[in-house]
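Below is one structure, written out as structure tokens; the observations come after it.
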């Protein structure tokens, strides 16, 4: 689990509560208003339901979890495994690709396993590359879809915050009473506040995070694709390693590898 | 019919009415103002009329229905039919494409039927692919056009909400009367409220939904295009199946097919 | 003339006047303020003058007329004429292109005439295609230029609406007088109202309309380009017809032509 | 000098002053506030300094002058000169390019001169085209850089207008005095007004203008590039002329040249 | 160190302080409010933490320093070194690339050193170009990542400024007291002011600056890539020089090199 996302949410929430409580702990209750919470959260869910198929709504929570789940995709480990496979293939000469058959079970990444499987099965390099590329596009499409669901919650929450405030203002203005005008307007503003917090502290940053998780995963998939293509072409493992290492920041590269900035 | 779109509209409307009615059912009448509704809806229609040919205006309702109509495009069914056609073509050897003639009537998708028809008629693969690609572009263009009509209603409704509020404010300010200032301003704010609801709960999410419906349909068309091209090239049905299955999320693929994430 | 643009402008203007007049016809005069009109319209013209060469300003009115002029570009008529020309060229065999010489005067579209002329003159197909493509790009560039002029009026009108309101507020606040504060603020808000109406009912939708007119014209030009290329390549008129018909929505195609959605 | 830019600035400034002075010439002094001007202009300069290297700041004035300087780039004159050079090269046969040596001194455009020089020197057509293309990209990059400096002034001026207004509001609210509340708020609003005028009447339109000046210059460079390539390929001057003329609107073309719309 | 960034920050801060202090030095204290600073800065950090992995947060300060660090990338020096290497390689004839071995230690730019090393090692030109291109993409990706962190601080700081102001308004309105309404609202507005200053004077311009630093560095890398490719191809040093010089503005080129504008 990536701790930063959780820590950020707790830190932000704490700061908001602390800034309210500074004027007295009793002030906190002013900011607790169930109908206002319902209109902002429920309204955002309603709008997202209009925009997406039912299935996407039901998976919202799962999508949201992606942003806080740990990113296990290690480009370096992927490169080492590919280079090791390339060495096996190279060592065996013409029968090299068949030799990979014996190592299939140690490959845990299904994308790499699928690519090696196709190479071992003797499919042409163009077909292997095309199938792997379509898979990358499809994964990217699914991730962007999930991210757009969360981003839309983040877009409609402030909209319903404004709708709630307008409703509160109309109610207050239609029945002007000097004694309650202040508290009426305070309640009216709460929905705008809830919408701003939901969007800026939770939903929009979570959508951004999902984008980065996607970028990391796609990068490992791209490294894997280039590696399988290179293995199939019978390239020198040392050259494969050098090629794939360019994906990794120089500072993170093992020894003797330092270029650019 | 996709239930989510309808449920979302009802849920959002209910939440708004409930949050108003909490202060007393009599409050609901404050929010019912026919002239305000007319300026927001009528104004948005007027602006869309300026921007689009008459025909697009008349088809607005039909466009809107696309967002709530059920999406019947099943990529899996399309793949199975294409693989089955490929098997027929392959079994018959050199005469394979002609054999497809006998199966023309079981093809209900006009796009697939058209592609197979051209292949059977002996048109060159490049021409078949070009014609099918132009058709995909054209369908995409028409869908985006319809979506843009709905999105423009969603853009101009809040604009006329603001225009209505400005008119209300000017009327109220030009004739300041302490007794009616509150109710005058309440009425003025109603158009902004109507515009925000029309746009955020109905029009913009409907336009988004139309985009997803389009994406699904185009994906099936792209699968169909790749399938027809592969059949014409006499490819192995098993390879065709593997290629086309990459369009489907791994979790939804039938057995023995699991790759990536 | 496309009636929708004019009807939309009249409908929107009527709705705005009606919503004002509901409170009494005398209210209409409150909304008539010449200096406010001048600052919004004049200011927008001034900003557009800073941004564009003098010539573009002088042609603004002509640009604006494009949005209300009737679109005469009929893709179907263009296709029929191209197919007819292709039949003539085909019937004459090797001398086919020369045979088109006799039909030059019946071609009224200068873009098609120019393309056929070049083909008849024996220019190489690559050069003909390149010249026609440059022409399409140039027409597109000129149309986008004109549209951007109108869109910029639509961008700067609300900006000067806000500038006018700020000036009015400063004047009113600098000399606070309880008796005139209401009417002072009413007048100040008028420029914002004018800017919002000018932009949302007239200028921005007109710019959108100019974009659609451009899209239609470019589509006919693209059909023409593909047609000339096909004629020069001596393609079968039936195939040419099938190719070009994909640009037309299935519902609008003549009989035996139905594909996709 | 393009008169429109200067006239637009004067017209806009006059309209603003006139709309203020309508209530009495003494009102003009209310709008003259040196600290407010300093915070808007100085703040925008400060933010642009943070964003750009020192050199870009020092050249701001020069960049700004581009938007009001006359555009001398005449595509038609460029085409005539290129066609004339092509005729010389063609007339001399195999030695044609060398013949251009004698006409080098009459070429005033350094970009055309450089291209012809490389052709005369016998560099391969691919290298000539690559070098000229890099030059076009570089000119485009430099122009966009200058334009972005002016556009950033236009972005930060209203931001500091808002900062100035917030400071004024806080000062006024911290020390509420019924007698000065109006004038305090009037002064606070001045910075927003200055920022809006600086951005909408001067800076953003100037940045737009710089974009058009760039477009015109790049078009002439592209015509020049295509011309040099055609001359080097020994193309017929008449065909070169026809090709290059497509860059010019039909209405502006000399006689016998009319196509498209 | 690029002085402009630091000078701009100091100038902007001074202008803001000066405009406050004009009404009396004691006014400065009104604008010093620790809780308001904490909610804006802390909130922005919290939102960025939600969006980015922990590592990116910890590197924020380092990223920020890039915007104020001096840009040492001199395209001209890079070109001179490449041309000098090309001369060495050319002089030695067939063994030219090996001759570069002796000059490896004088190359301080690791990107150029890596490229020359691969060329000397006899890797094929396509592989060298591909590896160097991947490296350029990777550097660009890392720089954009760092820049997006700073840009996100600049996006969330004003959002928390608004959240802080909403909290302050609700607290003030819930407990309306004519004596403190002014100072309560003044304090509420401070967070919006802090957010606007943090974003417009510091964070957004710093993110822009990081973009320019990136552009400069990438340009030198592109020049280096083209240079290594040319050296490996055994091109004439004079031609290499002419090619690479097109990246430099004509005014900055050494003598006899003047083209375009």
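Note that the chains take the letters A, B, C, D and E in the order they are written out, and that residue 1 is the start of every chain.
Note that in this section a residue touches a chain if its C-beta (ideal position, glycine included) is under 8 Å from a C-beta of that chain, and two chains touch if they have at least 3 such contacts.
These numbers were taken from a predicted model, which means no experiment stands behind them.
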{"item": "For subunit B and subunit E, chains touching each", "value": "A"}
{"item": "Relative orientation of copies subunit D and subunit E, as a Cα rotation angle in degrees, nearest 5", "value": "70"}
{"item": "Residue-number overlap at the subunit C/subunit D interface, same or different (half cut)", "value": "different"}
{"item": "Whole-Å gap separating subunit A and subunit B, where each centre is the average of the chain's CA atoms", "value": "25"}
{"item": "Distance between the centres, which are taken as Cα means, of subunit D and subunit B, whole angstrom", "value": "41"}
{"item": "Interface hub residues of subunit B, defined as touching at least two other chains", "value": "none"}
{"item": "Overall pattern in which the protein chains touch one another (line/ring/star/complete/other)", "value": "ring"}
{"item": "Order around the closed ring of chains, commencing at subunit A, then subunit B", "value": "A, B, C, D, E"}
{"item": "Complex contact set, residues of subunit D against subunit C", "value": "2-5, 7-9, 11-12, 15-16, 18-20, 22-23, 27, 30-31, 67, 71, 181-183, 185-186, 189-190, 192-193, 196-197, 199-202, 204-206, 208-209, 212, 239, 242-243, 246-250, 258-261"}
{"item": "Contacting residues of subunit A [partner subunit B, same complex]", "value": "35, 38-39, 42-43, 45-54, 57, 110-111, 113-114, 123, 127, 130-131, 134-136, 138-139, 142, 152, 156, 159-160, 162-164, 166-167, 169-171, 173-176, 217, 221"}
